[in-house]
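Shown next, in structure tokens, is the structure this report addresses.
Chain nomenclature is as follows: A, B, C and D, assigned in order of appearance, with residue numbering initiated at 1 for each chain independently.
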Amino acid sequence: MAALACLTTGVALLPLFYLGVRAAQYPAADFLAAVFSERSARLATASLALTAVVTVLCLVIGVGLAVLVTRTTLPGRRSLAVAAALPLAIPSYVAAFGWQSMNHLVSPGTTFEGFFAATVVITSVTYPYVFLPAAAALLRVDPAQEEAARALGRGPVNTFFSVTVRQAAPAITSGGLLCAIYVIADFGAVSILRVDTFTRAVFTSFSMGFDRLGGIALSSVLLVLTMVVLVVEGRFRRTSTRYATVGSGAAAPAMRLSIGRWAAPALILAWGTVLTALAVPGAALAYWAYRGVSTPGSLAEVGGAFMNSLWVAALGGAATTALAIPLAVYIARRPSRLARSLERLAYLAHSLPGVVVGLSVVMLGISVLTGLYQSMWLLVLAYCTLMLPLALGPAVAAALSAPPELEEAARALGKPTLIAYLRITLPLMAPGIGSGFLLVMLTVVKELPATLMLRPTGFDTLATRLWTYTGNESFAAAAPFAVLLVMLAAIPAWLMISRLLKEEK
Amino acid sequence: MQLTGISHRYGAHQVLHNVTLECPAGTATAIVGPSGSGKTTLLRTAAGFLTPSQGQVMLDGTDITSRPAHRRSIGLVSQDGALFPHLSVGRNIGFGLPRGQRGGSRIGELLDLVSLPADYADRRPDQLSGGQRQRVALARALGRRPQIILLDEPFSALDAGLRERTRKAVQKVLRSTGTTALLVTHDQDEALSFADSVAVIQEGTLRQAGAPENIYNLPADLATARFLGEAVVLEGQVSAGWAECALGRVPLRNESPTGFVHLLLRPEQIEVTEPEQGILGLVLDADYFGHDTTAVVRLHGSQEEIRVRQLNTQPLEPGETIGLRVTGAAVAYPPGGH
Amino acid sequence: MQLTGISHRYGAHQVLHNVTLECPAGTATAIVGPSGSGKTTLLRTAAGFLTPSQGQVMLDGTDITSRPAHRRSIGLVSQDGALFPHLSVGRNIGFGLPRGQRGGSRIGELLDLVSLPADYADRRPDQLSGGQRQRVALARALGRRPQIILLDEPFSALDAGLRERTRKAVQKVLRSTGTTALLVTHDQDEALSFADSVAVIQEGTLRQAGAPENIYNLPADLATARFLGEAVVLEGQVSAGWAECALGRVPLRNESPTGFVHLLLRPEQIEVTEPEQGILGLVLDADYFGHDTTAVVRLHGSQEEIRVRQLNTQPLEPGETIGLRVTGAAVAYPPGGH
Amino acid sequence: DNGGGDSNGNGADSAEAGSLVLYSGRNEELIQPLIDQFEEESGIEVSVRYGDTAELAAQLIEEGQATPADVFLAQDAGALGAVAQEGLFAELDQELLVQVPEIYRDNGNSWVGLSGRLRTLIYNTDLVEESELPETVAELTGPEYAGRVGIAPTNASFQAFVTGFRISEGDQTAQQWLSDLAGNDPQYRDRNGPIVSDVIDGALEMGLVNHYYLYAQAAERGVEPEELPAANHLFGDGDIGALMNVTGAGVFDAQNQGAVDLLEYLLSEEGQQYFVEETAEYAMVEGFEAPAGLPPLQELDVPDIDLNQLEDLETTIQMITEAGLAG
């Protein structure tokens, strides 16, 4: 199992390998000068500050919404749940663009940019990374323990914080981690909203400086930043802690807090947040479509791009999930130093900008997998590298909440370990695996830089089409693709949440 | 605490039928009944985790049927312990304590109460054995000194010695604090020795409630009798307060119409003697239990088979012929029961 | 199956010390011991879920210490049942069965074996009571007809009647298929009646193993004696195969050097008589257990306190003065034990 | 040897008529119709890989000799310079090159300009009097422009322009200008498009952009450029503010006739006309009209610098950053 897990992580680590090879070609003195400059320090500070603020906000909003929809009697919880998941479907560059153009419309002459703007925009599209796993985990918590806490005189709120949240903690922290790393790696929003972060500097080096090596040197700093985040996160989590108890499962329906007179403020706050996140970019899209005269491509073009997006998203989702499962089981079942390191490493690659990952896969395709270069397979490989943690987080959380005693029971019934995993652990992990798969699909649909670089020649997806048209200021032509992109990404989000809510009954 | 007319159904499946039970403050009541009879369900209703389909839960005269669990001052030890896996043993126990007591010696005292060494406070629940987990759950519930404590088979994973020790310790604590206790157990001995009053539930219906001696000596029906201990049931004819049966003439403990009845005796009432000194029987089968042997004996003449318990000073062997003699009185039940 | 020199440690905490145990094919062995003594750990070693720090597990003469669990043909009923929450009761039981049998009547048969109605096959595990869960786990393990079955307190959540019924049914199945059984239980009665051989573990060490009668009548030391049932321990002086003690002169069951010893008697060996017919004692405390009463009696003259069991035909009351007489022989232990 | 049509991944029938792979940093909307025409006329099948110019350059450099590409079409001379510096381009024929003025092609003959894009100052005609407009780009740092000028300092076109500034005026002056600009409260945008659209909408008074954005916006809004309340203002007198950057192309294998044919086609009458009409750019070959409202190519007084040098962006970016105009 260790070998399989190493292999999985190895795939995710290809870009790191590339970074190593390339950084070695860079004169050491220049490398050091680029990395240890005042500018680096400033960018790093900005990156970390933005990461910290956005992550905290995402945790607050994500957990708050998850609690409201899974653990209270809030009226209209289901619709809120579905709506709350949707912003994940909006690419950060579309959101940033939307916010900015709405700002110009609403208050011309003012600018919408900088740290605060970036915080608002990025938070509005990343909090579902916390919301979805948190909601899933909150529904899974063993009610027997909550009952025990209540019987020990703790009120519902106290019980919630001292027992329920603690059980959901692995899922919540992994969601927070995804947010943090997303912020570190985000380029679209920060470049539009003009916040100087490290990723933006890496992009500038690549895109404007044709300075590959400089970009790579800076990328290595990104990795260091990510490690900082991982260490911080590690302090909040002990993977080895057992959260599962036998006899749990969905013993009784999850307890709900009756919301009573808090209903109105809760509704306003929750819907306010969700609607703002959805409506601003949505209105911008509508406005572009209305204002422009450029004609959207033919139905065939739109349909083709849609199908292509669906296809790569499904392939990417399946491949990434397949890689994540053995790693997740290994991490949950053999909590060793190796397992912890592998998990961290899987997250590392996620923090690299798409260009860096794209270039590393180009190198691989040109020099090793020549037959596969510019085929779908290398593209899928790049997705695996980029998205592995998205699938891994929920899968690990799910594996942790599946009691290992059940595997032993299966083995005692004559099933080999692998079969025990397949027939017992896997079905018990299914909700987590499903969430991971959908999360990957959704992110693949939005992904642009690696897709552009690695897609088969002539292969267009919704994201590449959107890029083509917006690059040409043809916003009206771009609008249907943007709408479809959001809709396609909304399907997984909706599936995820509706499955969650079904489980609950 | 009073439970009045409690009924509960899971979906289409009715589990409790109109159960009424009174637990006077400061007393211990034991609920016994076969597996699946609804004991846990009744307890969860009292604790406030289930709202009964019908009936009320009253506490000191107020209806608390819909008061939330944490405001009932009720302690609960659930059947599977439900320790918090993310907290150490010490912090599990400290969970219900007021903040000031969590650090002090109180946790050590509570561990001691359930015969666990104080250094177990640092263990995690998954590092405990089954019985140790159960004891931690017990210590956790007792720590709060609740007004009422609900115990769902709290000693089931303990060996006899430890069980008795723990039971006595718990009993002492409960008595000294005047706590009302409601104990679910499948162990009849435990029920009879722990409780001031015993309630027998079968198939969701309360069959009988009362003092242990009453319940054991005058069970409401044969099913209850059988549940509370081994029963020897013989056919007999009653006349004038005496019954005639395969074991001879025995006095009756209850009023009974004359005529055909079923007679209940306890195995310990049947003394094994030399063949010539009693009614003859043939030992068919014998089970060894350490301190005694339980034998199945076919009675000479009537072909009825009964179970006899004999202390192991003179073990019984299958095939042996023995004499039998009844001590004390029998209970008569009208025919038609089982 | 043979366990040879098994030791195991969890981190720094040594739980098993050099345990050697033989379970001949087709027999039933019971492992008893106090809570936390290492019973579950030993069973998990036999099942292959734990690799012992030292020692070997042998099966039919081959060393299987490192053979994976699923290739040992071992069935396991674990202490907490470990039912698969995502499968119905029927599919839980079917899990270990060959594909052909999963649909047929076999599942009904197995449910019947553990006294559950056939329509429970469609339930989900979380719709079962504690005892029902345990029974399903049992049915699941038996279904496969394993060569060896390991039972970790499989009857602990069942009431006496059902427990006995289930135990007998299981025993019958095991006998008819020639299955080797290893039963962990905290119930001494169960161990003594179920098994062909009983092993007593204390603090991770095997204290004694042998036939039930031997273990009960000639325990290796006083701790074992106490564990297997109530013990009356008196000080005495041995000379020529007889011992002199507060209860008079009693014969000895074992060889013993002359001089000061501790004598072991079982409560059932001590008969309560009229005060004038035996050695005098004062009843200090009495526990009612339905079929009998256990009393603490202070012996006249010696101030030693002993426990006496009396069938409930003539209940004992605290404060009463009674006569006591010993039946049968005592076991002598050199002083220094406890 | 250079990978030609034979080594490309999808060259199923690269036989007689041949097929070729084009990496295009130009937007598909802007170039595909022309490619389609070329395919029709030549019978050569062109598979086009669209991407961001700079990223394609990086990808090409990573691919090195093994690249499946036959032609690289970039919308920025700097990117062409970067690829040329790696020695990946094959030398082009003089015959092809001479059609284009020397300053709009590589002096090492490895790439050639195809169309021109002029730096201008776009302004809102309602908000700004013509008389208020500066003569040179250097004047924008004056107090009268404080808070009025939109720039996109992170955008390639701005950075190419600053590089040009450095080349023509020297690093010292450039640095000074940048920090003065930064101190003059410029209005930042992420790209040229938002500057233009804000100027049209009146949210901005003026901004440094490329000339053709005005035409693109007009097209998107379905009006003629003249109807919009905005106009391009040209810096004159060889001022660096009027830098002419080019889109251009190079081939990877001189032997690959199809690739050379494609370049020839793009410089042909049809090709050049297309750029003028469809994308409102300057044709590189003589004899075509200038975009509406702008002087013809020959009359332009553009600064004379080596466009290859636009590749040297490292120092530029550093300077922009140091000036506090962002990275």
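Here is the rule we use: a residue touches a chain if its C-beta (ideal position, glycine included) is under 8 Å from a C-beta of that chain, and two chains touch if they have at least 3 such contacts.
For each chain, UniProt lists the protein as follows: A = ABC transporter permease subunit; B, C = ABC-type quaternary amine transporter.
A quick note: this is a predicted structure, and the numbers were derived from the prediction, not measured.
A.B. asks: Determine which of the two chain pairs, A-D or A-C, is joined by the larger number of C-beta pairs in contact.
C.D. replies: A-D
A.B. asks: Taking each chain's centre as the mean position of its Cα atoms, how many Å separate subunit B from subunit D?
C.D. replies: Roughly 91 Å, centre to centre.
A.B. asks: As a quick test, compute the distance in whole Å between the mean CA positions of subunit B and subunit C.
C.D. replies: Inter-chain centre distance comes to 20 Å.
A.B. asks: Whole-Å distance, subunit A centre to subunit D centre, using C-alpha means?
C.D. replies: That pair's centroid distance is 36 Å.
A.B. asks: Roughly how far is subunit A from subunit C, going centre to centre by Cα mean, in whole Å?
C.D. replies: Going by mean C-alpha positions, subunit A sits 54 Å from subunit C.
A.B. asks: Pull out every residue in subunit D that's touching 2 or more other chains.
C.D. replies: In subunit D, nothing touches at least two other chains.
A.B. asks: Mark out which residues of subunit C touch at least two other chains, giving numbers and ranges.
C.D. replies: Answer for subunit C, listing residues that touch two or more other chains: 80.
A.B. asks: Find every residue in subunit A that makes contact with two or more other chains and list them.
C.D. replies: Residues 247, 252.
A.B. asks: All pairs of touching chains?
C.D. replies: A-B, A-C, A-D, B-C
A.B. asks: Provide the residue numbers of subunit B that touch subunit A in the complex, in ascending order.
C.D. replies: 47-49, 68-71, 73-76, 78, 80, 82-86, 95-96, 124, 126, 137, 140-141, 144, 146, 150
A.B. asks: Looking at the complex, which residues from subunit A come into contact with subunit D?
C.D. replies: These residues of subunit A touch subunit D: 39, 43, 100-101, 104, 108-109, 111, 113, 191-194, 196, 200-201, 204-212, 214, 291-294, 355, 358-359, 362-363, 366-367, 370, 373-375, 449, 452-453, 456-458, 464, 468-469, 471-477.
A.B. asks: Given the complex with subunit C, which residues does subunit B contribute to the contact?
C.D. replies: Answer in residue numbers: 10, 32-36, 39-40, 79-80, 127-132, 135, 152-153, 156-163, 186-189, 192-193, 212-213, 216, 226-230, 266-269, 287-292, 309, 311-313, 327-328.
A.B. asks: Which residues, counting only subunit A, touch subunit B once they are in their complex?
C.D. replies: Per the stated touch rule, the residues are 142, 144-145, 147-156, 159, 162-163, 166-167, 169, 241-245, 247, 252.
A.B. asks: Spell out the part of subunit A that touches subunit C in their complex, as residue ranges.
C.D. replies: That would be residues 246-252, 403, 405-406, 408-417, 419-420, 423-424, 427-428 of subunit A.
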